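Look for chain A in each of the two complexes below; its partner is chain B in the first and chain C in the second.
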Partner chain A sequence: MNTAAEIELPENDTAVLTVRDLVVRYDMDEASIHAVNGVTFDLAPRETYAIVGESGCGKSTVALSLLGLTPIVGGEIVLDSARLTEMGRAEMARVRGHKIAMIFQEPMTSLNPVLTVGYQLIEAIRLHTSMGKRAAREHAAKMLGRVGMSDAERRLRQYPHELSGGMRQRVMIAMALSCNPAVLVADEPTTALDVTVQAQILALIDQLREEFGTAVVLITHDIGVVAETANRIAVMYAGRIVEEAPTAALFADPRHPYTRGLLASVPRVDRVPDGQPMPTMEGSAPSMRQLPEGCPFRARCSHSTEKCETDPPVRVGEGRMVRCWLYE
Partner chain B sequence: MNESNLNAPLLEVEGLVQRFAVASDVLGRPSQWLHAVEDVSLTLYPGESLGIVGESGCGKSTLARAILHLYEPSAGRVTFMGRDVGSARSADLRALRRDMQIVLQDPFGALNPRRIVGASIADGLKGPDRRKRAEALLERVGLKAADYSRYPHEFSGGQRQRICIARALAPEPKLLIADEAVSALDVSVQAQILNLLSELRADFGLSFLFISHNLAVVRSFCDRLTVMYLGRVVETGPTEAVFSDPAHPYTRALISAVPIPDPAHPGQHTLLEGDVPSPLTPPSGCAFRTRCPHAAPICAQSVPAMTPAGDRRSAACARLDDVMRGPIWDSAEGTK
Partner chain C sequence: MMISPETKLLLRKLRRNRLAMIGVVLVSVLVLATVLLPWVLPWDPNKMDVRNALQGSSAAHLLGTDQFGRDILTRIVYGGSISLRVGFYVTFASLILGVGLGALSGYVGGMTDVVIMRGMDALMAFPGLLLAIALVAAFGGTMTAIVIALTIVGIPRFARVVRASVLQRKESDYVLAARALGKRPTVILVQDVLPNCIGPILIQTTLKFPTAILGEAGLSFLGLGLPPPAPSWGRMLNEARSFMEVAPAAAIYSGAAIFITVMGFNLLGDGLRDVLDPRTQSARR
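What follows is the complex of A and B.
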């Protein structure tokens, strides 16, 4: 396997999070699912780094791995010079929610329905700080204010079902940022929300990223969302990053054939339709139980040649990376 | 078919109201109502594709089910091919429903996991050679005749949606209701299914009621568009007219909130405050007034009527003349 160890990334001392050669495998009864097959990236402070791709590409597994919630079988994750991949359960539990926090797609299932918002927020704060009950409650109310929830004292006494989806996601964000983490992992944070509420939440995450100086790893399938919020984008396919570039560069000049196909198949709300069929990529992604040899995209790729039956080389330069034989 | 039939609407919905009792008093009488659809009227002509857009809870899916008469409407009338759907008895209603089929969002839940997919499709066919014709339908939607004997779990999400489409086509319907039919699909598969629906529309002369929260998809697929908010229609008109110059403040906010997949032409989002109010206790007057930047005392007094807003459009807003109009994306429009 062509793993990320071969990639020479510019040495970046300031990176808040580095992921090297991450491999994650889920062992099932009859087969193993090769969810992540060598993922490498650096996260700069205050940056929004987006990982995009379609269902099953491994992007959510990368997100969960950053919090030590997956069976990692190879590679390393370093957060602020601490090796998360070498930590035991107890040590990881202290980091999780403190130095690195996560928000999920479904804010209803992430909150405990039988506990008040205040109870859950205060518990999270006290778990990771030395604050007393009263101070934690004050901090919780202050956090709700910072995520744009008015009447914080009343909100603290409410249960999750009394809040709308957008409000619940605000609570999750308040909880995630309450200990001022270095990294916020946001896995499809607005996918379950309506578009007018999505716009509010995305604006809020961006504003808080500035205020708290938090770096954000944004996992999404929504190309519009990454275009508007990410500084850099990684495109994942079949458990690997196939292309990485600054946002403007990726959209202006997508290099990997999969990236090109992906961007072309997004319908545009701001364009008069030309009446032509939409560009499509035929077929679908390979099974993660049995990945083909070589480039996993080759069966759907119009540029594929015999070369593609062996692992494609990784080309790095101009702040971007592409993994394809076209750029040998 | 004679001339007048061509111009007659295929589907006409007049003043449809759909309320659900969600609580009752000690005597079992309903004490609280959920106002899912309130006074909705729309018309669909043969061959046309009408988009219904709006956010969750706006009543768009309830509207689809009410058109199929899966609910007894609280008020109003649905006329399909000149016949009153509400007064049709069971045999008539079954015949009517052959002509109006629905494709749902979740292709995993919509197929019986214990039956081969061919059998599900053949159910909708009448007459001889059902297996051959079911196989032909599978091929028409981009699958293989040999897939007839396979089970749903052997297919991907996109393939299952193709099977659901084949099943919907089997009774040779006039109207296909697509309720978020491409929403659960990945974007590359979504494009394949949209292309398939466009082909089928041309080949079979199908009419579409296309329900979606995805405005970009609606813009590419629909001739006309109806925007709903909290159970009511707030704007309706030809798709391009609405997108190039939305009239209702909600339509403007909704369209402008969509993130644009192009950093060179970023969108200009009008951020709305707050959330959609509960359909259990809708605000008085205009339902959008609690979030509307143009709200005035008049908006609380009565529900605004649909009024002409130019370009064969109408919108329900008391302050239509005061709303800033014009295109949402100055820079991007036309830069193809």
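What follows is the complex of A and C.
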């Protein structure tokens, strides 16, 4: 496995978040699940960094790890020059929701059903600020306005089930941004929403990223979703980043065979399929319980050779990275 | 906490549930009767009047008199207050301890969970009545002893119900979201986990009440309740047994009091369960 020293990403002193060789394992009774196997990336201030990949490749695990909510067994996470991976529980709780915040896939179930929107929002604000109740309430109303919810006073008194999915996701975003975090982690924030609402929420996140100066880690399994908002895209496969590139470069010149497969399966208006079935990739990802030696993609790859039975090299240059024997 | 719209909806559903409403009526009548009737009834529940023993119902004694000439209605009304008090104390104590132990067990997990749950298993495996008899025999027939005995018997089921629903809520999205906000575990338990277990806790509470009342009646039937002349329903039933053929009134009425009370609370509890059951809630989504 490659270490951080070998990978040598363009060293970036200004990075707001640095992840090096992150390894996460879920220990179950019978086996352990190797959910993340050495993930490395930097997040520049105000950047939108997208992580895409199939279901089960470890995207959510990376996201939760950034907040210290997974069993991390190796690697390092540095946020604003603070080493999160070395913090104790209490210290980490002060960082969560304050310096780094997260929104989730299921807005319908991510709010406590028995508490009002206002209560939950005010609580989130007061966790990390010294604001009094009244000041926090004013701030809460202001936050609802900023996420595009009119009639904030009434909204504060409502219960989650009185709001639509899109509105609830706005509330989640308001809670996440209420303490002005340096990094916002959005784990499939639009997957559970209607198509029209999806676009609105993505646009909102992008707009707030500008306004709050927050950097965003945007996770999705649908590469089409991030084409417009992401500055850079990382493609994940079986717990690793196999390719990382600026968005335009990735779409114009995908290098890893898996990335090419992903892009080919995105429906596009300029390539009307004429009733042909959408191309999909053959086979399925290897089990995270028992990862094969070498490149985990090789069983599905049309370019695979004997070399692929050993760990593929990492090639870095032109602001992009690819992990494949084709680019030795 | 305010009455949330969700609670209002549940109340409306409860009102449409006929059996539950019968339960509500029975329980209300019972409570009102035990509170108000002592002010109205002219008799002392323990005053004996042997010349008027074992009489049928009359204008003076609506339900007749027992073997010592005491007014049966008056004794039943006073007995009701014993039953309700025992029911209340036992339910309240089992609620506090059961929720505490169950929440600790489910939320903390690990060794804590193992120790608490094995303890509960041990209590459950022990015959409840026998345990109660042993405790009352040890501490004597006082209200405190009866309440302690019935509470110990009542905790395990409570703890299990709470533990199961805490375990379930612990995995919910809103708990993960709360952790991501940086909330402390204790705050999450109190704000996010327990309030969402309120349904099962409420059901268990209403079902605990009749069990406790029945438990007290059983103990006093066996002569292990409050000592005579306390007008406990179980004792009244026991005493009336000897005169069942000549004067069945006392047996019938004290038996009926126990039956109606337990029935009322059970109907209410079952109704609540129907209303709170997620399977009947799907229409709300």
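Note that the second predicted complex is superposed on the first by the 314 of 328 C-alpha atoms of A that agree within 3 Å, B and C clash if a C-alpha of one lies under 4 Å from a C-alpha of the other, contacts with A are read in each partner's own complex, and residues count from 1 in each chain.
Operating definition for what follows: a contact is a pair of C-beta atoms (placed from the backbone, for glycine too) under 8 Å apart; a residue touches a chain by one contact, two chains touch by 3 or more.
In this text the structure is predicted, and so the values were computed from the model without any measurement.
A.B. asks: Between chain B (first) and chain C (second), which does A:S284 come into contact with in this model arrangement: first, second, both, or neither?
C.D. replies: Touch status of A:S284: first partner only.
A.B. asks: Touch check for A:L262: first (chain B), second (chain C), both, or neither?
C.D. replies: Touch partner of A:L262: chain B, not chain C.
A.B. asks: Considering only the touch criterion stated at the top, classify A:T109 as touching first (chain B), second (chain C), both, or neither.
C.D. replies: Touch status of A:T109: second partner only.
A.B. asks: Examine A:A248 and indicate which partner it touches, taking first as chain B and second as chain C; both and neither are also allowed.
C.D. replies: In the superposition, A:A248 touches chain B alone.
A.B. asks: Looking at A:T196 after the superposition, I want to know if it touches chain B, chain C, both of them or none. Which is it: first, second, both, neither?
C.D. replies: Once the two structures are laid over each other on A, A:T196 reaches chain B alone.
A.B. asks: For A:V225, using the defined touch cut-off, is the partner it touches chain B, chain C, both, or neither? Pick first, second, both or neither.
C.D. replies: A:V225: touches chain B, not chain C.
A.B. asks: Can you pull the chain A residues that chain B and chain C both touch?
C.D. replies: none
A.B. asks: For chain B, which residues are in contact with chain A within the complex?
C.D. replies: 55-56, 156-158, 186-192, 194-195, 198, 213-217, 219-220, 240, 243-244, 253-255, 257-267, 269, 271-272, 275-276, 328-329, 332-334, 336
A.B. asks: Under the touch definition given earlier, write down the residues of chain C that touch chain A in their complex.
C.D. replies: Where chain C meets chain A, its residues are 1-2, 4-6, 172-174, 176-184, 191-192, 195-196, 198, 284.
A.B. asks: Spell out the part of chain A that touches chain C in their complex, as residue ranges.
C.D. replies: These residues of chain A touch chain C: 64, 67, 69, 93-98, 101-102, 104, 106, 109-116, 123-124, 127-128, 159, 161-162, 172, 175.
A.B. asks: So in the complex, the part of chain A that touches chain B is made up of which residues?
C.D. replies: The contact residues of chain A facing chain B are 54-55, 164-167, 194-200, 202-203, 221-229, 247-248, 251-252, 261-263, 265-274, 277-282, 284.
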